[in-house]
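Think of it as A, B, C and D in the order they're written, each chain with its own count starting at 1.
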Amino acid sequence: MSKPHPPIVYGEYLRLDLLLASQSPKSVEYGQPAHDEMLFIVVHQAYELWFKQILHELSSVMALFRADSVDERSIGVAVSRLARVVEILKLLTDQLRVLETMTPLDFLDFRDMLVPASGFESVQFRLIERKLGLNPAARVPLERAEARRTAADAKLLAEAEGESSLFVLVERWLERTPFLELPGYQFWQSYRDAVDRMLETDRRTIEETGGTPEARAAQLTELDVTRASFDGLFDESVHARLVAEGRRRMSLRATLAALLIHLYRDQPILHVPFRFLTTLVEIDELLATWRYRHAQMVHRMIGSKIGTGGSSGHRYLLSTVERHRVFADLDNLSTFLISRRALPALPADVERRLGFYYPRD
Amino acid sequence: MSKPHPPIVYGEYLRLDLLLASQSPKSVEYGQPAHDEMLFIVVHQAYELWFKQILHELSSVMALFRADSVDERSIGVAVSRLARVVEILKLLTDQLRVLETMTPLDFLDFRDMLVPASGFESVQFRLIERKLGLNPAARVPLERAEARRTAADAKLLAEAEGESSLFVLVERWLERTPFLELPGYQFWQSYRDAVDRMLETDRRTIEETGGTPEARAAQLTELDVTRASFDGLFDESVHARLVAEGRRRMSLRATLAALLIHLYRDQPILHVPFRFLTTLVEIDELLATWRYRHAQMVHRMIGSKIGTGGSSGHRYLLSTVERHRVFADLDNLSTFLISRRALPALPADVERRLGFYYPRD
Amino acid sequence: MSKPHPPIVYGEYLRLDLLLASQSPKSVEYGQPAHDEMLFIVVHQAYELWFKQILHELSSVMALFRADSVDERSIGVAVSRLARVVEILKLLTDQLRVLETMTPLDFLDFRDMLVPASGFESVQFRLIERKLGLNPAARVPLERAEARRTAADAKLLAEAEGESSLFVLVERWLERTPFLELPGYQFWQSYRDAVDRMLETDRRTIEETGGTPEARAAQLTELDVTRASFDGLFDESVHARLVAEGRRRMSLRATLAALLIHLYRDQPILHVPFRFLTTLVEIDELLATWRYRHAQMVHRMIGSKIGTGGSSGHRYLLSTVERHRVFADLDNLSTFLISRRALPALPADVERRLGFYYPRD
Amino acid sequence: MSKPHPPIVYGEYLRLDLLLASQSPKSVEYGQPAHDEMLFIVVHQAYELWFKQILHELSSVMALFRADSVDERSIGVAVSRLARVVEILKLLTDQLRVLETMTPLDFLDFRDMLVPASGFESVQFRLIERKLGLNPAARVPLERAEARRTAADAKLLAEAEGESSLFVLVERWLERTPFLELPGYQFWQSYRDAVDRMLETDRRTIEETGGTPEARAAQLTELDVTRASFDGLFDESVHARLVAEGRRRMSLRATLAALLIHLYRDQPILHVPFRFLTTLVEIDELLATWRYRHAQMVHRMIGSKIGTGGSSGHRYLLSTVERHRVFADLDNLSTFLISRRALPALPADVERRLGFYYPRD
């Protein structure tokens, strides 16, 4: 509380000397000033500032989950910090609207001067993807941007590659969570019975609600896929096959733990873990939305021309929208939910242990 | 100004008696009240209210463009009304966030009671697509929803089918616009020369900026596609082939008129037409974003299960995101823009005619 | 799971027959169709739909808190439902942008036909204020709208007046919460010492950081006000005086419980109660923002003319922005927070009881 | 099109070395790392980046209006650039949500280390206010922040003080606009008659629609104020008195020109000037909303404590919300609009001159 610190000045604290000196339009340097280049620079710099903040949050959450036993307070802190990432990602999507006030013709005033630089070179964005845990096998390759990395940036990326991603840390936490032990064999048997009843209902729905024979056949095929998904929950070898086919990534044990958290999230002790899983999916979705809107913006700006970095930015971005999902396994849990009415009841002693100790004292 | 009208009461004016009596949760009717069904109903009703408003605006704009000669005042009015549609579509996308406060488990409390109804049955949304001019050939078929239309709704849709869509009306207006006559043969020759120089620069960019031979080859192929696009501008038969392949839809004459409006939009007389074309593209993009976010929401809600209407809503919606674009030809114009520095100058007498008469009087 | 229900049709389920038949523009009825009146109606109807949903959520939360002992599960449910109200209120503020696409001149095309109806007559909005617990003494009176209520609406309002508002229910819950017993006398003594040290620091800040003698004097006066606020925490009679002056409303006991929740919200058991209090403040703030933006919109539309209801809507709305806050006592808690570093530590046995029982088992 | 420029690297172009090195948390420097200080810094830096962009746009628009005769193309360009400022201001308001993910307790972890710096010291924000033309007489004084300016910043502000603000430039442009000459004496006489009829209708509305005698009296007083406002339009001496009282600022001649643009904005030649005036009002409103939301955020963060800069930020900000409006005269024009039905028709030759020359050729 004592304050031995020297008094602070706003502009010095924020290093405005550096910050506001870091806009250097090429069009000015080359003697053909293009009014809109300043916007182009500021928008990208704002993105990089926010990327730094996202990395700050992700790294701190990963540190919390690297502990041997993840403290329950940590989940609460993690939720707050990831909820902040959610708000930042909403802002970054809205920020595209500002860039879209630049018209294609205005962009052409300085586009050629930036060749071959490209936003795909952003190391911080790549770090965000790695820290979240984007599957390297799923990544759409982008050679040219890779080739242009500085040594320092390549080192940063290699280091990030070396550490356990948030995906891995969350998977490990789920695998170790004691909730999983709770319900026991009997539970999964009842759950499976409930699932079978639900699928049977769906089959009848398809058969009874009309449409051409072809449409019905297609839907019955879809239903078989859903049934196979459930098989993947109960049978390690089916799950292993789905992993091999790239349709699952998270371990079966972790997936079941996450499913339990979803099914019994009304229990006080699961409230915060449920929000945690939900927030991860929200981040994944917002990144996907950002990629989709980004693809739109690039198309509006240059059409199907190649980008300054020599790539068709629009097509590349579109291809990553769904493929670059990190927490698809969590997003996919809805497939396995069954109605509360069909859900097996928890044994009374288990339910008691999922409440708080205090108020009953 | 004289007011012989009887005094109005707020609640009567808005017909709140009807409006607030039109929420009838099935879960209540069936004796298993599910709290969140009210949200489900209200969200969908809010969508339908806004769809009605969008149809009101679209119909009025179409009426303006059905005139033999489209008055210059009409373009201004059309821009205002379409800009309103833009704001509504932004709202409709944000509205998904409200629905997303319902969790999958809460949805399961009443999902089965709604079978086989589906949002895809919305006649108003279908009318919006038709009035805008969604290409029937491009539409992803959705048999089951079609099959369930009431006779009245089918009639409404058939009528809409019969009238010229906004796409057709805009195309016709562009074809007749006198701006097109302005620049003459010389202009297109100079423009084509400028294009050739630009493509040559792009080719050199690809060859000089590194990457593997494979990547370079892929980019050169892309460049050939771009070049072929330009060929489609100068050669009716190439354009006809692109139309046949489903890669173009708008007539060449209309496309060139739209391109001129983009290139010379700094001329006062083209300012409002430029905004008009831009707003059409914005509507198209916002509808695509809405479809994409809608697909996400459906997936979050039911995963890969079949929807209440017997369809995999997620997959259907994803498939329509890009295919259901109406004004792709306009969005694609950026491909053909060239830098102002490379743009042929307009003859002085032409430029004079693109200004206002008044201030020089 | 069995489905004896008859099949549902989308349009019937949503009662689109009623919903889409409830737009009756007066300008059409009077033979002077004004294009924008449809927007005016639809915007207001969308507001009323959402008001119904907000009331649905508020009523359900109030029911949960009317129980003798509020179950810990209930707080979680309450947070989810109030978080939904937060999302709806964000939407309602954004919705003003759609209305703002109507220009003042367009409004004048039908404004006179609506006299003397006014949005201030909305019974549902009034019910929202009552259910939240707007202090009747603080309400800015609006006689004319009151005078025009139908008997049915007046009855609805009177009933709402009779029930305990959310404010009262939350206050009662806070007063009974067992957390309050935890820290004991010693705690409040240490807290008070920490406060005294903080205020002393603030005093020195004022004296040392320059400015004119007048400015310094003004700030020292402000500091005295802050100090007096703290006195209100420790002394029932001071608190009673602040209540009498209209500067506090919540009981001292409830206020202290809320303060403890804020100070120790990192404890797992307080995580959800903390979110609950925060969400109440967020609702209060969003309603204030909506009122402020609403005032702006009204001014843009009619300037300082009297409204159709005979009131200067702009001025009325501005006057309510701050006065109609319901949870000002909670918003004001930040005043009483002290740094974690200065915060007295909880006794170990207390801290243990604030965790979950389960994982230590 | 030839490209003699050396190839550009993304990170160098954006000066990420400077940008990402400019975050220096005091809590780290002082050995008591506070996780959320990074957010605090990044949010403020993002604001400063956008302020730089806003200044870039404002300065360019001011340069366009400093010309002796403002080219019609310039108004179009000005509208585009101010529309960009509008999008930026929306983003800056949304950005507060990100800062609000920091809780008051987290802020207290480092708040004392920042004393006495304050956001009110931002020179760029002050420059924005000056360039827009905030009336120095209306400004709420903030001595302490002023006292802490560096010499360089004080010089920047003094220079801005020396140049004509956007308000002055717009006023001058309106005064010189030829549209004003158009309608002539007869027009203003007819307009005045129409106004008198409208006010008479309003008076009858008040008298006939009930309420207590006191309420009616209050409304009649308000009506007198409205009538007096109109007197200010027709009588230079009344206008001069309103200016002296601080209730008007813009010259009468400019006000009448702006009013005409509003009344006849359907004429093609007035379309862009109308958007220009509307965009100025939108900027003013968005700045006011930002101030209001900013005040809320400060209150949520520190309650009624004094801020780090020694001020009660909340109260200061609230006091500026309405007082710091720059274009209140334009916002107020709605007061003077009358219905299109009551509006005097333009003489045919005048109307002809407000269209485009070209299409009639």
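The working rule: a residue touches a chain if its C-beta (ideal position, glycine included) is under 8 Å from a C-beta of that chain, and two chains touch if they have at least 3 such contacts.
All figures in this text were calculated on a predicted structure; none of them were measured in a lab.
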item: Taking each chain's C-alpha mean as its centre, the one farthest from subunit D; value: A
item: Selected pair, greater C-beta contact count between A-D and A-C; value: A-D
item: Geometric centre distance via CA averages, subunit D-subunit A, whole Å; value: 38
item: Inter-centroid spacing, subunit C versus subunit A (mean Cα positions, whole Å); value: 32
item: Multi-partner residues of subunit B (at least 2 other chains); value: 1, 3, 7, 103, 112, 115-116, 148, 201, 205, 209, 339, 341
item: Subunit D residues touching subunit A - in the complex, by the definition given at the top; value: 1, 3, 5, 7-11, 13-16, 18-24, 26, 30, 35, 38-39, 41-42, 44-46, 48-50, 52-53, 56, 60, 80-81, 83-84, 87-88, 90-91, 94-95, 97-98, 101, 103, 112-119, 121-124, 148, 150, 153
item: Touching residues (chain side subunit B, partner subunit D) in the complex; value: 1-3, 7, 72-73, 76-77, 178, 194, 197-198, 201, 204-205, 209, 266-269, 271-272, 339, 341-342, 353-359, 361
item: Subunit B contact footprint on subunit A (complex, rising order); value: 32, 103-105, 108-109, 111-112, 115-116, 143-144, 147-148, 201-202, 205-206, 209-212, 215, 219, 222-223, 225-226, 229, 262-263, 265, 278, 281, 285, 288-289, 292-293, 296, 299-306, 309-312, 318, 321-322, 331-341
